[in-house]
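Quick notes on the structure that follows.
Chain lettering (A, B and C) follows the sequence in which the chains are written, and residue indices restart at 1 in each chain.
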């Protein structure tokens, strides 16, 4: 088992730089998820760890070895690809045992490792089929089985669930998490889906344009986003953001409406500062809907434009200072478009960002 | 009601016409070949008969017996030519496939400057008419002593086949996802192992059909062979057929037998690869 | 120490480049040089007798050359167009068939395995004025009572050669276009039907653009070895009788080997090479354009 360290890792294609000096320390047995919109450099970073892309600068350490120029086969890693990359001309058994055969293990060793992996992933019935005769979920499991037979130092996953339908995706997500608990090893996992990131990760790494925006546990990045990008990227629905200016301990929004500066930010703002107020739908609720007692809050009277009942709760679309925001209603009841409701904004859970740098003022 | 019947009738007539046209087309395709095959079994008298004999009265193997017997019909040592053709075609095919596989892989897997230009450049060498190429080749080979040798013709056929082999193999390797080789490398393979253990087996059928195509080109080539071979030591089947027709124009049956002997290997091999061949040509072409 | 290494793609392409340079490029350079000399096979020292563009001027002034050149262009134009149309028709017919289509496709491959020389021989036999299938059939059916001299009369011989050439190559078009027809998506055609297109309109506006790249692939492949018509002509008429079916290629062969005038033959050879290269580049460009139109480039 091993930790992975990235030190100022850079990737350039000619003049185009796609990864800008990434620093990241992944602990032994940690499950780290790289997440970000497409083109943010997360897959490139993963492929550099795998050795499939050469690094243009910096240093990658796996265990205590610098692996900068080592080919993939000398890094003791395994990888699950987005399209599974199963060998179409080999049966499931041969697919699983391929890496051991290449490593010149004895047939007995191979059989034992393969059977063990098949057991874990309940593939025993399909061992003699070719990948072409398997369903999407089964192929996914073979791909994971191929990764675990080698007992690698590090598992790499490149968007492994994106080709599955919604139901299977949730199911496989759980299986991956269980697998991690069973085989106990370092995992680096790439996805563009923030729900996957939140549910799987010990720590999430949010990337954008080749930079790391924030690293933290799922709760940390959810509760304390470092900037507006993370705030809108993590969490569903995305955080509501309203531009404003600080004036006499209040934040004046664009149409003159104002709310008090939340207490936790009172000594971090200065008069006249351009700021962005952020809050999640969960913190804007109609009056009387389970607001915590005693917290500072602001009351707003607004018309609902659209409601989306989700069963246990209802999303309400309304607007503040000309900008559409989403609110949430627990104990749902039907809400007609145009209906005016009195909303309560929980100021203790609000975020404040500097408008210039977009960074959190916390 | 009436309108429906009108359309139904029209559809049926159209269908009938289509089938008829198809039948005629298939006749045009088949009859010339069958005519040659049929006549290889008929005695010369019957072929020459006036008025023509339409229903064959007497089918036998005389022409084949004459062809294989002794030095062969009309001084053409058929077996010798057949072996020459076989040696030259097989050897040049194996080499062309190895060279073409390296080149095709380079085009399918690597990005580099001037890729399209190099590709077109390679293809253009194939466009040089055989007879125009044969003149300087004749001079060069005469000087280097390669004329009238197996090696000389093998070398020529390799270069003739390489562009097309590259085109086909490029197409087939492009259908193999890059991730397969990457997965193999992560599974502990070297680049070389990843190619031979994963990419090559997956594209194997395609490579085989490229090979058969190359074989057929060599087997059937005439323009260059006719100038670069001089004696029975290296003359190939097409040259033999040509010699036969120019010197003994009367023996149609014997020539038909020779033609049948020439077509049989081609026939078998083409049937084996028809599916892959079309896939390779269209894939390489359409997906650029 | 970092050792300079050749890029992998270059190493992989090297064998191909070496072989082609040795067998095609260098001989072609030699022939380019010799086309400016009075080189005769029988007099090796004449290779160093530089005569400038004399051979090219001679060709340009030769009526025989222009006749052969024109005849070659005419044959190629007629043959390629007819082959394409017939191939398209055949492919559409086969595409309609649901039962036994595999068998039909196999039969269509049939002419492709015939060596051009064999095609020439086959049609020489079929068009033979004395024992040929065509004359026998015409006489038996009472359509003609004399033996028609198919390979002796200039125009009939041209026609016979055209038939042979088309027989050997139409199926290349048919097969590739058929592959294209399989690749045409169903949805747009069904949408067009519902939108009120006649069969002809939906063919013209939807099917045809989709199969255009396949037609150009076929044309590009054909243009790579248009000169195989040489084999056919060589055995059917050998350019004769009295040069009436002379193509540029048979003329080159005769001038070079029979008359031993290598320099002159090479000069004409170069003209034929440029003709072939022109055709090839033209069709490759068309292929790229058709591909780009369908968004399949890259």
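In the analysis below, a residue touches a chain if its C-beta (ideal position, glycine included) is under 8 Å from a C-beta of that chain, and two chains touch if they have at least 3 such contacts.
Nothing here was measured: the structure is a model prediction, and the numbers come from that model.
Path length between subunit B and subunit C in the touching-chain graph (shortest route): 1.
Across the assembly, the mean Cα position most removed from that of subunit B is the one of A.
For the pair subunit B and subunit C, the distance between mean C-alpha positions equals 15 Å. Subunit A and subunit B have Cα centroids separated by 56 Å. Averaged C-alpha coordinates put the centre of subunit A at 59 Å from the centre of subunit C. Contact residues of subunit B toward subunit C in the complex are 18, 21-22, 25-26, 28-33, 35-36, 39, 47-48, 51-52, 54, 98-100, 102-103, 105-106, 109-110, 112, 118, 120, 122-140, 155-156, 158-159, 162-164, 166, 216, 219-223, 226-227, 238, 241-242, 245, 252, 255-256, 259, 262-263, 266-267, 269-271, 274, 278-279, 281-282, 285-288.
Those residues of subunit A that touch subunit B in the shared complex are 50-52, 71-73, 77-79, 81-83, 85-89, 98-99, 102-103, 146, 150. Listing the residues of subunit B that touch subunit A in their complex gives 177, 179-180, 182-191, 193, 197-198, 201-202. Chain contact summary for the complex, subunit C toward subunit B: residues 7-10, 12-13, 15-16, 19-20, 22-28, 30-31, 34, 89-90, 93-94, 96-97, 104-118, 121-126, 128, 130-131, 133, 136, 139-140, 167, 171, 175-176, 179-180, 183, 213-214, 216-217, 220-221, 223-228, 230-231, 234-235, 249-250, 252-253, 256-257, 262, 265-266, 269-270, 272-273, 276-277, 279-281, 284, 287-288, 291, 296-298.
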